[in-house]
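Below is one structure; the comments refer to it alone.
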Amino acid sequence: MSGRDAENAAQAMSGRDAEAAARAAAGAAAGAASGHDPVASAAADWWATGVSKVEPDVIELRGQPVQELIGRIGLAEMIWLMLRGERPDPRRAALLEAALVSSVDHGPHAPSIAVARMAVTCGVGLNNAVATGVNLLGDVHGGAGEQCVRLLEEVVAGHGPRGDAGGAPGGDASGDPGGDVDAAAVVARWRARDRYLPGFGHRFHTRDPRRDPLLGLVAEAARDGVVAGAHLRAALEVERLIAPVPMNIDGATAVVYAELGFPAPLARGLFVLSRSVGILAHAWEETGQGRRNKGPIPPSILPTWL
Amino acid sequence: MSGRDAENAAQAMSGRDAEAAARAAAGAAAGAASGHDPVASAAADWWATGVSKVEPDVIELRGQPVQELIGRIGLAEMIWLMLRGERPDPRRAALLEAALVSSVDHGPHAPSIAVARMAVTCGVGLNNAVATGVNLLGDVHGGAGEQCVRLLEEVVAGHGPRGDAGGAPGGDASGDPGGDVDAAAVVARWRARDRYLPGFGHRFHTRDPRRDPLLGLVAEAARDGVVAGAHLRAALEVERLIAPVPMNIDGATAVVYAELGFPAPLARGLFVLSRSVGILAHAWEETGQGRRNKGPIPPSILPTWL
Amino acid sequence: MSGRDAENAAQAMSGRDAEAAARAAAGAAAGAASGHDPVASAAADWWATGVSKVEPDVIELRGQPVQELIGRIGLAEMIWLMLRGERPDPRRAALLEAALVSSVDHGPHAPSIAVARMAVTCGVGLNNAVATGVNLLGDVHGGAGEQCVRLLEEVVAGHGPRGDAGGAPGGDASGDPGGDVDAAAVVARWRARDRYLPGFGHRFHTRDPRRDPLLGLVAEAARDGVVAGAHLRAALEVERLIAPVPMNIDGATAVVYAELGFPAPLARGLFVLSRSVGILAHAWEETGQGRRNKGPIPPSILPTWL
Amino acid sequence: MSGRDAENAAQAMSGRDAEAAARAAAGAAAGAASGHDPVASAAADWWATGVSKVEPDVIELRGQPVQELIGRIGLAEMIWLMLRGERPDPRRAALLEAALVSSVDHGPHAPSIAVARMAVTCGVGLNNAVATGVNLLGDVHGGAGEQCVRLLEEVVAGHGPRGDAGGAPGGDASGDPGGDVDAAAVVARWRARDRYLPGFGHRFHTRDPRRDPLLGLVAEAARDGVVAGAHLRAALEVERLIAPVPMNIDGATAVVYAELGFPAPLARGLFVLSRSVGILAHAWEETGQGRRNKGPIPPSILPTWL
């Protein structure tokens, strides 16, 4: 068994290496703290972060030891903790979770889905295929939620005290005549810049089946004082103004993310986390279909020559 | 308001376009079904999928209308549904959730984290930064979980009926003398191929703080008959054989994924979904730190010239 | 040898499949042309392109059979042909080539280089490592050339007939008093938007060693009537206005690309092709250095905890 | 003009920052050299490279000052210098250039091309679109050249002194009866592992129009003693053995790269550089076609529901 002892010793050395690294780290940290090692400080500061602290045998995520989170926090709550730095109220976490669930997939017509399916037939790893899909969630394919949050924030800001993001929970906007004017001005300003009002209309669905369930959850949460409801009211105002055009999924999720206080760019970040689920599912299914170098159309259809 | 009517009409046209698309789709589908349109069939079949069905005003994910999932299914359960095609038992979903929570981050030393932080300083979108990080979760940085699942499956397969993946829940391996011989043979075979036994040892932690909480949850689930426990026993056998080398996070999550019946490649896919959370959190934090074109080390440290 | 005959027959079948595909394609094309197959037309048109025509046994690039290009056209000329649709004058191709050569690398401080080096240590393919680096050539790390082309085009446009892009070759700007006023107005307008004037100054070099050789080649080409020289004059005017700040590589390459008539976005595209060379070279070198999961700094330096 | 002076001063400060960086760098380098600053040394060594040396006002590529390369070295030669560390013989550089030219594009059926076209319609940058395409050049879509180089090297190695890579230039294999046996054994070994012999056959062309021009150039170079010709002979032997299956572009370029002494993985790296040209050209063309969120097939064709 001496051979096995030798093998174990070899693999254990990584443990001893880790102890050595820990001692070196402690020394370097001490040196940095005392100003003796400006270069170490510069390099350490270059990678300064408040998201996580990782040292030999220590992993703290936003200040919380990871061993106290495993099995005690849900995935949506974990996402909130990592992005916001604090644990969310369970009802607010549930809203986030609903929004994340709603956007996971839109089928192979979505370029983010199609490119990932094509990627796995080219002999790259599953992670590379997912990355390929996520890389396409740009300003046009995934950016509408972020833009819609900005739009809603402008409408809410234009409403004054009753309508701002920190307003009274469950406030009533139905009797607020001034709201219509502010929203109309914002809508006009956005339409002057771009035909497409982010979060509204859809070139595929006449009425997105995800709109009502999501907005229903937000309305319920507003009634219970879990969120203020100002962004929901703002979105409904816009929808009334541009009827018969309905809000779409980008708009509905924007309402959720804005009500929950996420900055606009994180609307895109959260869409990325959500859509990654569908991208992975499709890439995984494609691996079982046996194609190699799958192009966008069957080989028998030749692209038109311009 | 006629200008506004015109704008609404323009945006509504997308709705009418959608109706037209629906009619065309119905026609094409009918044509395909009746064999009149082989090219349409070929293109439709080229993108055949059982993951989702998306048609104007319809979104079904693994056969379930999305509007019935929003607010009624958690994110971990949704991930399970999309990957496996069926809803999971809640206790099994909770195990999946714990594993996903455990792997979200490992700080800027992890290349997947560092490259995403660098990316956001280069003027690309948040999705591009996340994709950049995910692209690095290859065979060496993320592949160990997948490899460990295969290792554990070999050990379990070598145990005969009591030890296979479909074995009786809560089975007792402590009195199984044959187990040691099978595991030792598998370990020897793997070590002949590669120094590193996937899932064991760690070049940073002497004992990964995530190991015990995760394995504790699996043991509890095995006791309650939620999972069989065979892969957990297999991993503990290997750990005994190569002591003092402990199991690491790749091994602990591999135990979870294998117990839950996920194929080995999905261990990497699930790690991708998990790590995306930390990648996003770090990229987002970096956007607030004001650097431009951030390299790996401060500009005052010049790379050694070889 | 019957086994080998069988193997050859199997591999040859791909040839027979190709013939079948060709016949099907001809049939589909005929059908599409005659309007009998609108779906085939729609799919074929969806992928319509004038860049290349690829059919069984035929490859035409911008209308030229590939077999007539191999060994008869240089790589820089090929890049020009593919992007512009026509063969370039050899002197103009030489200018393009010089600009492409100039930008291939800027060492590991460049994030595009560093992330590719890190990627190859993570067990992904060399193509994935190059893609990772190219993905970072965004608005801040690679976008300056594109922006500078736009800046120069504004300056040139403000000069009237003598200074526009189609102006007389080799024109003399030294005696053009009006030029100073126009350039100053453009510079003021750009500086009002952003501190950084794209193409000028550098946070690493006091004087970029690539500036003089590139601009010297452009001046020579202008003297010989190969390019008009208007964008060179414009850039030199700007440099005089903001002295002692010198033009940098983004500015010098922008001068080249603008003089050669490339649209601004292709300044970034061409930088991508150029920098891919250095990214590949660095990634390749890293594969021989034996690291696994290489982070941005040695493990002994721990990131500062914020 | 004091405002302008202030602006110039601000932008010039970057120059002064560079001087400060240079002094700090010199100090740190001196410190590292003398062993006073182990952390600086560790960080500097962590990014050690022989590809380029970049310091304030200095850029050396493989030891050659960049200002001496601009306008004096072609792009293909530059690629050789960066990858191999030395300038190539002009005839050998010409062979490399021909191979790079040959592989730039294969139309929208190639997934690397299609995904890049789709990417630009999603609101990401041109660099992100190119990266998306390059990311797909994996083991199946781009890996055949690398595999074929390995195959040819095995055949050549099996031939003994006359057939090895360093063999006499222009050697004659037609009268070498032993060659057939060695090649047959290698072919049998490869076919036992995988149906597809890399570099031979093609599922699209019956005879790839790029094969003859490329091999013709190699044969000419072998006759002139520019390359040994051993890999060309090996490839032709294999082609005779598996007739009527012809060599394809992966095989023809593999012959070139092997004859020029590039290691197998660089066959893929070089294919990446080549194909990037076509990927960029197609992505650029797509930007002018006005689509948004372009999926793989027109919206009127709905994917088959499995």
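Every chain is named by a letter (A, B, C and D) in the order it is written, and numbering of its residues begins at 1.
The definition used in the following text is that contacts are C-beta pairs under 8 Å (C-beta built on N, C-alpha and C of every residue); 3 or more make two chains touch, one makes a residue touch a chain.
For clarity, every value in this text was computed on a predicted model and none was experimentally measured.
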Connected chain clusters in the absence of chain B: one piece
Chain pair with the higher count of C-beta pairs in contact (A-C, A-D): A-D
Rounded Å distance, chain A centre to chain C centre (Cα mean): 32
CA centroid of chain A to CA centroid of chain B, Å: 16
Distance from chain D to chain A - Cα centre to Cα centre, in angstrom: 36
Multi-chain contact sites of chain B, meaning residues that touch two or more partners: 21, 28, 39-40, 43, 46-47, 49-50, 53-54, 107-109, 114, 124-125, 127-128, 131-132, 135-139, 142-143, 203-204, 294, 296-297, 299-301, 303
Residue ranges of chain B in contact with chain A within the complex: 4, 7-8, 10-12, 14-15, 17-19, 21, 39, 42-43, 46-47, 49-54, 56-59, 61, 65-67, 69-71, 73-76, 78-79, 82-83, 94, 97-98, 100-102, 104-109, 114, 117, 125-128, 130-132, 134-139, 142-143, 191, 195-197, 200-210, 212-214, 216-217, 241-246, 265-266, 268-269, 272-273, 276-278, 280-285, 287, 294, 297-298, 300-301
Chain B partner contacts - residues on chain C that touch it in the complex: 28, 37, 39-40, 43, 107-112, 114-115, 118-119, 121-124, 128, 131-132, 135-143, 203-204, 292-297, 299, 303
Complex interface listing, chain C residues touching chain A: 21, 24-25, 28-29, 40-41, 43-50, 53-55, 124-125, 127-128, 135, 296-297, 299-306
